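Notes for the one structure printed next.
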Amino acid sequence: MSPFLFWIFAGLMLVFGAGVVLNRNPVASALSLVVSFLGLAALFMSLDAYFIGIIQVLVYAGAVMVLFLFIIMLLDLRAEKLRKINWLASAGGIAVAVALSVQILYVIGNFRFSQQPFPPLARSTVDDVHHVGSLLFENYNLPFQIIGVLVLVATIGVVVLSKRELR
Amino acid sequence: MITLGDYLIVSGLLFTIGFAGVMLRRNIIIIFMCLELMLNAANLSLVAFSRFRVDAGLPNYNAQVFVFFIITVAAAEVAVGLAIIVALFRARQTTHVEDIASLKF
Amino acid sequence: MIDNNIAWYVLFAPLIAAALIVVFTRRSKGLSSFLSCAAVLASFAGACLIFARKEDAAPALNWIEFPGLFVVPLGLVLDGLSRMMLVVVTGIGALIHIYSLGYMRNDEGKSRYFAALSLFMFAMLGIVLSNNFVMLFIFWELVGFTSYVLIGHWFDRDAAAEAAKKAFITNRIGDFGFMLGILMIWATTGSVVFANIAPRLSILTSNPGFLTAAALLIFCGAAGKSAQFPLHVWLPDAMEGPTPVSALIHAATMVAAGVYMLARVAFIIQLSPVALDVIVWIGTITAVMAALIATQQNDIKRILAYSTLSQLGYMVMAIGLSSSDAAIYHLFTHAFFKALLFLGAGSVIVALHHEQDIWEMGGLSRNLTITFVTFLVGALALMGCPPFSGFFSKDAILALAYEHNMPIFVLALGTAFLTAFYVTRLLVVVFLGHPRSHAARISRESPLVMTGPLIVLALLVIFGGSTFFTGQFVSVPPEHDVFEKVPLLAIGALVLGAGFAFALYRNRPREAFDIGFLRQKFYIDEIYSWLIDRTQELLARISAFFDRWIIDTAGVGGASGGTWGIGALLRFVQVGNLQAYSFFFGLGVVALIYFAVFR
Amino acid sequence: MYIELLKLASPETVVVVTALVVLALGLANERTAGLCSGVAAAGLLFAVAAVLMLPQQATLFHGMLVITPLTSLFKIICLVLAFFTVILARADLSSRNRGEYLALVLLATIGLMLLVGSEELLMIFIGLELTGLSLYVMAGFDKTDVRSAEAGLKYFLFGSTASAFTLFGISFIYGMTGTTALAAIGQKLTTAPVQPLLFVGIVMTLIGFAFKIAAAPFHLWAPDTYQGAPVPSAAFIASGSKVASFVVLGKIVLVGFGPAQGSAAWHAMVAGWAPVLAALAALSILIGNLVALAQTNVRRLLAYSAVAHAGYTLLGLVAGGREGFSATLFYTTVYAFTLVGAFGVVALVRRETGGDDLKNFSGLSSRSPLLAGCMSIFMLSLAGLPPLAGFFGKFYLFSAALRAVDNNGLLWLVAIALFGSLISLYYYLMVLKVIFVDEKSSSTTQPLNPSTSADFLQEISLTVLAAVVLFLGVMPGTLVARIIAAVQ
């Protein structure tokens, strides 16, 4: 991928990611989240991970965002009322966030392999579904089954928690 | 020329944006969205590392499988989290963290 | 028939009694007390047997063993020191059990009392017999715990509950140091068994600072248990417990455990001159200070408690002068005469229906003849009057001080004078003159279960004076005939103090002079409670600060605009909890990364 | 291979099947609550038997499922803790939704067993999440209590944030080494040059575990959750989850990050995970003990004491090596049993008096001498008084820490820990004082619920737990020997 496209998608992702944080309206935040993840999916594809990119779009745009919107509508949440913004708390939070990002960026900058360009691939990776799938059902068979248990937990949890108590 | 470092920097930025949101926002639903941002930052760096660690001419697919699992887990987590919010909203009529402080010292 | 395990039987008999009482006979008071007494008598018999058969070796087995990693042997040590202590502890313990039958005969919690007493005997015997630091420490704590239960026996009295708490907490401060010291010794020498540490001492001596620290930390434990300054505050308050408990725990055995332990580990402590200096001065300060305070107390048990403190000071002084023989000699004689004095005091207290103020007594020598005579024997021994046991052991310590350290000697001699003074004051006010209260006038002698032990103890105190008798038990330090003036000076101080007090208090109905400073025990309790109050206030402030900082959400909007400085801070603080939680989370992350990477 | 997998994962399979059965029973009929508990308990015992029948050594899928004596031992411990939680749940929750609750306990237990039995970061992550999700729901389970949902939310938010950090850290670790198997990571790190990125990865990975074990400053959820969640949930969060986290944390740092240990010695700090854990430990001990002093609610008090205990337990890992790891494992096991017992007493007191503040405990000794006796054993063990298990555990930990580094380099940490345990005595005794001394005030409170057969069962189990704590104090060798033999 050309640097130009990379920075377009990366910028898209980061700007809309920031949009999630900055938007006052939960619906707008949810939509920003989706756009941000679209950018992320594009970055995945630029890394020759087509399968993951598509899953990303399907799961996040198709499922997670709908879930968010559904809850927002269900609970009838409107734009946050203009509560008094606590400037000191915000400043503290921002300071910590900036410090963390400075640390991470510094460390990444000093990483030995960060100047490494794309290593060439011997074969095309359009069939990565095949590779991922075979790994999933061979080496990663156990976690794959455990994920089933995990989804069962989530199901029980959601049913129990959101069921209205009959009194 | 795009390098591994570029991807990592973008991923690190996304992570801190997400964490900043967790710290700054007061609406629990938006906090959840920010958590998703953080998880996906991890996904990005995993996939980047996988692409830049080529063996036998193919990316290291282990990391991509890892990402697949993370996405699944994240979806389950969102579901449970939102259910907790619904339960809480029924009890308190709020999704603001500062209204949820009956447990204290 | 009698095998080598007899020491184990001696150790466990009281434990079995305690367990039986707790599990089965709680309801039956008579049976409980019988069990307890039987157990301690059995232990005493066993102890005598062990004492008679000096060739017995201690059977040992390993409690926890992982080769190369960690070994805690479960071993008993049987040497001259522990044989002597065994006999003393079980002997005095037996007498006090019997005495308790009388003293506690109408008590509600008699079963509980005897169970605790038996458990205490078990723990105390454990301290005496342990051959390693870990076992010693475990029994050490168990002794602390049981003494806590016994002091607080009448827990519905506030003072008793407070005293119990004070005793326990003060002891914990000492034990904190003790455990650290044990760990330091163990980390360097790799062993907790006394016998195995001894050959490896060269590792320690190569690092004098470390050695001194370890020695002093171990001394901390002894200072807590033996009530040395500045951890002495619990002992006088512990007099809230039943009198036999005072006699057993706070005179004859438990407080002596500190000295015993110091004697056991003397081979470590003596390597560090600095530690010895500190110890000798702490002992001296305790001796002088306690004697001063004792001159102004009115509670008969408290006077005895301070005299205990003072005598313990002598023993610690002797340890500091690197003569554990002298310390143990004094411990031995002190155990008998102090138990005698406490039991005598208990007899007086019972006769007067639990009156403890000496100014409410007087003239008791007529009604309580046996108590008076035996108490007199004990008092003379405590003062250090020549034919009695206390004279010789105290003289040994004085001679030692004379030889090594003149300032210490002067102070010790001064303490001897003060001792004679306050003991005579006690005798004169309680037993001579006219009765000052109705209870004193109609008082009657205690029953035989109580006077019997008194007589036995008095005989022991008298015989204790003979070197032949005592020599069977402890190695009496050789008489230094060079220092003939030391005994002379000691007798001089005794006569002076006793005469002074006799002249001052004869036929006097109330206190001759009043020194608030001494009456209030140098205000040490007040200083401590002030410190504790400050600490608690500080903690309260901290928690209030957290409260507001993290939690308080009410009135965020209405938080008065206020002045900028503190107001702004408080508003920051009132961010609402989850947000602040995640803020601290983030702060923690950043700090950790900084710590790990950038530092 | 699948047959092999089924055989080696048979304990987990047994628990999953039990969970499904319990779930179905619970859904079928509201009145089968007692049956559900019985089935769940039986299933757990079956699983213990299945663990006992596992082979001595086995490894599947590059360490995703590892069977060693160590993992088997701790699987059994987790199962036993779950068993006690099931018994605890009998008394505490109303019979509504009992089936779902028990199913969640069982599923969380599977997560714990996977955590214990895995040496692969992906598997560990999934185990963490499986446990976490079940526990979040369990914390927010009681919908009749508003505070329960709040407890669940706080636990959830903290947990997800922490797991996001862990995941980000894991991605860095993967980037440096190209693998997620612990043994392979350890090998790579011995040759790879030390890089700051690695340390960031390690720190971030550790954060997830610091959250799980409630080490300061990642402990803020613990007091709220312990107080607000249903008692059995809180007990399981504090015991099972903590034990498994310590086991897997130990494996991660000692096997995976072993070469990056660094040193926490006072004069010679070397960057690595050891100083990081040492800082966490010191902070936890101080904060936990100091704040606990001011508590008036027994569950909050236990929570802050849990923070302090996490600090003590970390000492063994800071020391590292076989001895340190064994000390940590022994201590965390003892602690877990003690805490389940303490929460059991809290549950009964809460059932009887309707609350779990300190004042609800006043006069417990006259109302129920058995409970009072058990509680004093638990409290004194937590305080570290001999001859209870807590004492020996502390002694072993501290001595391991002192011996691990030359020249007593960790003396500073041990001194802090000893200081902390000195303070802690005060608040444990405060609880006991309320139980034994404050008699009078209690006569006014009438018992809300008369005792039932469930109480009887609980009293038996509490007595068993107290006996275990006592036994492990008197004969610690029985457990320590197994642990040491199992830790390579």
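In this document, chain identifiers A, B, C and D correspond to the written order of the chains, with residue numbering beginning at 1 in each.
By our rule, a residue touches a chain if its C-beta (ideal position, glycine included) is under 8 Å from a C-beta of that chain, and two chains touch if they have at least 3 such contacts.
In this text, all values refer to a predicted model and were calculated from it rather than measured experimentally.
A.B. asks: Name the most central chain, where centre means the mean of Cα atoms.
C.D. replies: The chain sitting closest to the overall C-alpha centre is D.
A.B. asks: Just curious, how far off is chain C from chain B if you go by their C-alpha centres, in Å?
C.D. replies: Chain centroid spacing, chain B to chain C, equals 61 Å.
A.B. asks: Just give me the whole-number Å value for how far the CA centre of chain B lies from that of chain D.
C.D. replies: A distance of 26 Å separates the two centres.
A.B. asks: Which integer distance in Å separates the CA centroid of chain C from that of chain D?
C.D. replies: Inter-chain centre distance comes to 40 Å.
A.B. asks: What is the distance, in whole Å, between the centres of chain A and chain D, each centre taken as the mean of its C-alpha atoms?
C.D. replies: The separation of the two C-alpha centroids amounts to 31 Å.
A.B. asks: I need the residues of chain B touching at least two other chains; which ones are they?
C.D. replies: Answer for chain B, listing residues that touch two or more other chains: 8, 15, 18-19, 22-24, 26, 32, 43, 48, 62, 65, 69, 73, 76-77, 80, 83-85, 87, 90, 100, 104-105.
A.B. asks: Where in chain C do residues touch two or more of the other chains?
C.D. replies: Within chain C, the residues that touch at least two other chains are 543, 546, 550, 556, 575, 578-579, 582-583, 586-587, 589, 593, 597.
A.B. asks: Hey, what residues on chain D touch two or more of the other chains?
C.D. replies: Residues 122, 126, 129, 133, 136-137, 140, 143, 149, 152, 154, 157, 161, 165, 196, 199-200, 294 of chain D each touch two or more of the other chains.
A.B. asks: Looking at which chains touch, is this a line, ring, star, complete or other?
C.D. replies: Complete.
A.B. asks: Once bound in the complex, which stretches of chain B touch chain C?
C.D. replies: 19, 22-24, 26, 96-101, 104-105
A.B. asks: For chain C, which residues are in contact with chain A within the complex?
C.D. replies: Its residues touching chain A are 556-557, 568-569, 571-572, 574-575, 579-580, 583, 586-587, 589-590, 593-594, 597-598.
A.B. asks: Taking the touch rule as given, give the residues of chain A at its contact with chain C in the complex, in rising order.
C.D. replies: 83-84, 86, 88-89, 92-93, 96-97, 99-100, 103, 107
A.B. asks: Which part of chain D faces chain C closely enough to touch in the complex?
C.D. replies: Those residues of chain D that touch chain C are 154, 157-158, 161-162, 165, 196, 199-200, 202-204, 206-207, 216-218, 220-221, 271-273, 275-276, 279-280, 290-291, 293-294, 322-323, 326, 385-387, 391, 395-396, 398-399, 402-403, 408, 411, 414-415, 418-419, 422, 425-426, 429, 433, 436-437, 476-477, 480-481, 484.
A.B. asks: With touch defined as at the start, can you tell me which chain D residues reach chain B in the complex?
C.D. replies: Interface residues on chain D, with respect to chain B: 122, 125-126, 129, 133, 136-137, 140, 143, 146-147, 149-154, 156-157, 160-161, 164-165, 167-168, 170-172, 174-175, 178-180, 223-224, 227-228, 294-295, 300.
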